[in-house]
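There are two complexes below, and they share chain A, which is joined by chain B in the first and by chain C in the second.
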Partner chain A sequence: MESILPGAVALALATAYLIVLLRVENQNTILALLGVGIAAVLVANWLGWLAPVGRSFGEREDVLGLLAIVAAIVVASYFHEDHFVLLLLCTVLLYTVATLGLNVQFGYAGVLNFAGASFFGIGAYTAAVLNQHTAIPHLIVLLIGGLMAALIGCLLLLPVLRTRGHYAAVVTIAFALLLKTFLEVNDVLGGPQGLQVRSMNVLGWSFNNNIEIGGLRLSFYTSYFATSLLILIGAFVLVRRLERSWIGLNLDALRLDETAAGCFGLNIVRWKVTAFLLGNFLIGIAGTLQGMVVGFVQPNNYTFADSLIFVSILLLGGIGNPWGVAVATVIVVIVPEKLQVIQEYRFLLYAALVMMVLLFRPEGLLPRPVRSYFPGWRP
Partner chain B sequence: MTRKPAEDSTKFAPVLAARGLTKRFGGVLAIDHLDLEVAQGEILGLIGPNGSGKTTFFNVVTGIYGADSGSVTFGGADITQASPQAVYHAGISRTFQRSRLSLPLSIFDNIMIGNHKRLNQRLWFNLIRRDAFKREYESSFHEARALVEVFDPPLANRMFEAVVGLPMIDRRRIEICRALISQPKLLLLDEPSAGMTHDETTQLMNDILEVRDRIPGLTIVIVEHEMGVIERSTDRCVVLNFGRKISEGTFTKIAADRQVQEAYLGLQ
Partner chain C sequence: MKKFGILVAVAVGASLLALAASHNPADAKDKVKVGFIGSLTGGTSANGIGGRNSADLAVRLRNADPKAKYEYEMVSLDDECKPNIGVQVATKLAADKDIIAAATHYCSAVAIATVDTYHKFELPIIVWGAVLPDITYRNKYPEVHRVNGTMINQNQLNATLLTKLGYKTFAVIHDTTDYGKGHNKYFSEALEKAGGKIIGTFGVTSDQQDFTAELTQIKSLNPQVIYFGGLTPIGVRIRAQMDRLGLNNVVFDGTSGIKSDAFIEGLGKFAEGSLSFLEGAPTERLPGGKFFLEKYNAQNYPNPPEAYGAFGFAAMNLILDTIESQGPDRKKVRDALNKVRKIDSIVGEITFDDHGQNTVPIITAYVAQDGKWVVWEDSEYASGKRKLPGQK
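Right after this comes the complex of A and B.
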């Protein structure tokens, strides 16, 4: 059995690196730091050190997953007073959840969805409306937000099922534009200015207040961070189990060869619909919480360009690999926030990054390994 | 199963029967009023020059293409309009002339695709009841492994390797395992030895015959160009030319048929 050590060491180094990167403000230092990071990964790869890391994550995922949770908590604790960093971390966690949803759709079932941000936005708008006008407990609102995204996604089912490949993609793009226009002209939903979203409140505990424990002061974002982390853990486990089951196999089979899959009894419609709804559900939940975290929604936050961010994360990280999705989200969300020079050009950067990946490493930074249903299992 | 006594008394009760089956692609009559019966338990060789409609016959039987006229019955039930899914559930499985494995997936995954109807596909079972899932997974694994072992024991130790790295002979073996794992009643093999050497072909056919002996009542229709294989392994042959049946009978009989010789020599 593969040792945990390589994975644990890599995780510790990555955590330390992330803390330093998040802490530093000086732009030149950040540039240097990024250069060092890239160089370190390339050298480690060249020395053959990355393969054992991959293997230990593959075989000991349960333990390393727990360590990754600890690492996330360590980073958040380090920045427990820093609103900005904690907000950034929440964004990373929730974007990871959303991209995991996209991964179920595109990575497994092969259904392209260029309206990811729209479904994210549907969740956020659900939070805005329900938190304002109803007394539904906010944890239930999260669920409803996910269900709303799945439900409205049903509008797209017919085109998604009927047309293959690029046409389905075009239909999702059209949907993204339509939804944005709909939100802009709809006064009930606040028009172009959008709506305020009331902050989360669980069992009488408002997420809007900073937390004081003894002499320790925690940013109010800590509560959001904890909730986001829990949702990510749930989504990760769900997507993992899905992949490592007959259902994950069905999705791969229909993506790779619909005709052959049909000849072995696979109900194409049933599994495509399952993947599409489940994916939108995850995207919707993430969006709902994100709406509460940022406190307002407006049509401009959920554009086609934002959908492209989700897609780039998936391509960059490695289609079908949840760990790759997590790593890629960290890069795509945090680097432009820290490097103000590229803030303006972030979309250019994403485009360039995705093209580089497609050219030089088409399977993404962390390519998806062959399915093992129970890691470490031996016949 | 009201037909059971009839099946026992007549050796050649047809398990699959096509009557007047016709399929056209534009102006091309790919199969032309074809009458064809396959007897329970036999190995039928389906031969004919390229483009004579053999693959199309498989595609129509398995529901990939709808027939333009005529009918197909399987075990007495009409399957002319059946979807590929329904045909598979009825007990027919197949291989493809151009290998259609899912290349990035492992050997085990590919074989499990063929096992679809025997696996529990419920969401709750797959996602929540992981202990029960693991039991089904383990028993399926051992079954798949035992099947691969018949064809090639070393291959059975590489169940979690991606198919993409395997040579053609191994891919053909896996395709046949994928078709056999669900214990079908009828197996349609479309040029299983395409792209293989003479010796590999012989070996593969021996393995297929070995597996058949383990699955009681398995009927096989095989499309094959290598006449040695057809002679050795089939009980009976049907010869197609331009979508029509031009001859039928034992290999010795059809080999002596002038029409067959002409079709193969390209004389019209």
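Right after this comes the complex of A and C.
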């Protein structure tokens, strides 16, 4: 058994780095910090320190997973008064959930989906409409948002099943454009101006009030953060268990060679549909909560370009690796925000970074490891 | 251990660099932070960067002024013209207690989404570019103000100008987007007040090709003016089809949506005599436009101020004036901004109504003359040398 020490140390360092990065505002310091971060990872890789980290994550995932949750809570409690940072962290968590959904479709079953943001938006619009017009408890609205995304995703089932590769991609892109136009011309859903979303309210406790416990002031985003974290934990465990189960095996077989999988008696249609709907369900739940966090939905939030952001998170993190997705979301959401200091040039630098990664690590930052059938088992 | 040697060397070098980068000059005056948000990347970045530079100019001029009580620092953020990013950066700005007030947003879609954030965090803001009426009028937030005009003001000028020219009967064609419907609504209201009469209203979709049905009906109603609330592509089609149906003795009265070169290029000689109205004015025609452009060019910004730069400057200047008189306190600044009446600025007099909307914003009328959009007052139509169809 590998010790958990390397993983725990890496996690602690990453947490400390994240806190410092989120804290600093000075332009030079931010650029220096980002440089130091990249250099540190490169150097650690060069010294061969990353391999034991990877091994300990691979073998002691349960313990390290708990530690990752603790790390997230540490970061959040450090910034407990800071509305903006908590909003950013919520975005990170919810984007991770959505990309995990995409991961099930893309990474496991090989079903292309370039309309991730559309399903995200369906969730958010569900929240807007239901919170406005009904008294359905908001935790159930989260569930309904996910189901709506899956349900509307059913419209795409036939084209997705009948097409492959580029053509499947085009089908989903077309859906993204259609949905945006539909939302823009639809007056009931607010048209191009969008709708306000009422904030979350659980058992009479409104999520939009600051929390005060005995002189300790917490930002109202803390409750959103907690909810997002719970959803992320649920989604992560689900996706991880799914991957390790026989369902995951079937999905992998399907992705690697559809014909061969069919010859071995796997029901291709069934598994494609399962992966597509489950993925959309996760994306929808994340979108529903994101709608409530941001408080406003608009067709412009959910364009094809936003879908590409989800896809780029997946590519950057390493297709099929949930841990990679989590790391990549932190990078994709937080780095452009911290680069606000260089104003209109920030996307240049950011795009260059992404390109470098894809050029030198085409499998993503954390490529998916070989499936381990038994924990601690080495071939 | 050779690797470690290299590492240590690199680390020492890096920390020396960091030291060199982090020295701070001593300040004499108290520092006050103000904010700016605009679209600095994406499709509308030209306008956003122009506005950012203009607001920055206001801050630089103030800091160069020895009489200023505070030294100002502008935090400027990019909303990418996307509502979700907009809410994010608005939260960042508003949650920072050091920032006293901000000039925000060029894109209407973003501004309408972020006003709730400003209200929640009690940050006084002045919108410098977004034109949607709802930004100020949907809610009555004391924090939200706007220096530039809306489509309401545009249509008021439109209605008064045309009734003054002696036109009485109007037919309205509008597209069924928010833009077209808004124009229809505000023009109808303004025209009623001005004493004109609408004898027919026709909604069309924004990608309609053939308008024979609507135009034939309009021909039988025999209006003096066809008002068109929509964008250039269908504007071109409608005007061209008017000619085919012999509707050439009618004034084609457009909105800001057709104020583009594409409209004139698409129509050639048929564009002659079409009207359009646009918020703001060419910068050099603004009351303080000359002063502004002179100062702007002196700073050698790499990009031009664009159409709304002067409004960005005026908004930031108003914020700085208010902080000078009230001190760096959000609540006091907010209350003082709500009491702004008849204050001179480079975009003319500013008076905020009870929704924080500037009630005397500048709107400019344009007429197509010899293949160009000419400011109405400078045109040969206004001087009487040429006449619009049916002009007295």
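Descriptive notes on the structure:
Everything that follows uses one rule, which is that the second predicted complex is superposed on the first by the 357 of 379 C-alpha atoms of A that agree within 3 Å, B and C clash if a C-alpha of one lies under 4 Å from a C-alpha of the other, contacts with A are read in each partner's own complex, and residues count from 1 in each chain.
Going forward, contacts are C-beta pairs under 8 Å (C-beta built on N, C-alpha and C of every residue); 3 or more make two chains touch, one makes a residue touch a chain.
Note that the coordinates shown come from a computational prediction; the quantities given were computed from them, not determined experimentally.
Residue contacts after overlaying the shared chain place A:Thr259 against chain B, while chain C stays out of touching range. By the touch criterion defined above, A:Ser3 reaches neither chain B nor chain C.
In the superposition on chain A, contact is made by A:Ile247 with chain B only, not with chain C.
When the two structures are aligned on the shared chain, A:Ser77 is found in touch with neither chain B nor chain C. By the touch criterion defined above, A:Tyr373 reaches chain B but does not reach chain C. Taking chain A as the reference, the larger set of touched residues comes from C, when chain B and chain C are compared.
In the superposition on chain A, A:Arg346 makes contact with chain C only, while chain B stays out of contact range. Contact with neither chain B nor chain C is seen for A:Thr134 once the two complexes are overlaid on the shared chain.
When the two complexes are laid over each other on chain A, chain A has no residue in contact with both chain B and chain C. Partner chain A is touched in their complex by these residues of chain B: 62, 64, 83-85, 87-89, 93-94, 96, 100, 102-106, 109, 112-114, 116-117, 119-121, 123, 126-127, 130, 133-134, 137, 141-142, 145, 159-162, 178, 182. Only residues 238, 241-242, 245-247, 249-250, 252-253, 256-257, 259-267, 274, 370-374, 379 of chain A touch chain B when the two sit together in their complex. Chain A makes touch with chain C in their complex at residues 26, 28-29, 32, 36, 39, 43, 46-47, 82-84, 87-88, 91, 184-185, 191-194, 196, 208, 290, 294-296, 298, 300-301, 337, 340, 343-344, 346-347.
Here chain C touches chain A in the complex through residues 3, 7, 10, 14, 17-18, 21-22, 40-41, 45, 49, 52, 76-78, 81-84, 87-89, 91-92, 95-96, 109, 112-113, 116-117, 120-121, 132, 134, 176-178, going by the rule given at the top.
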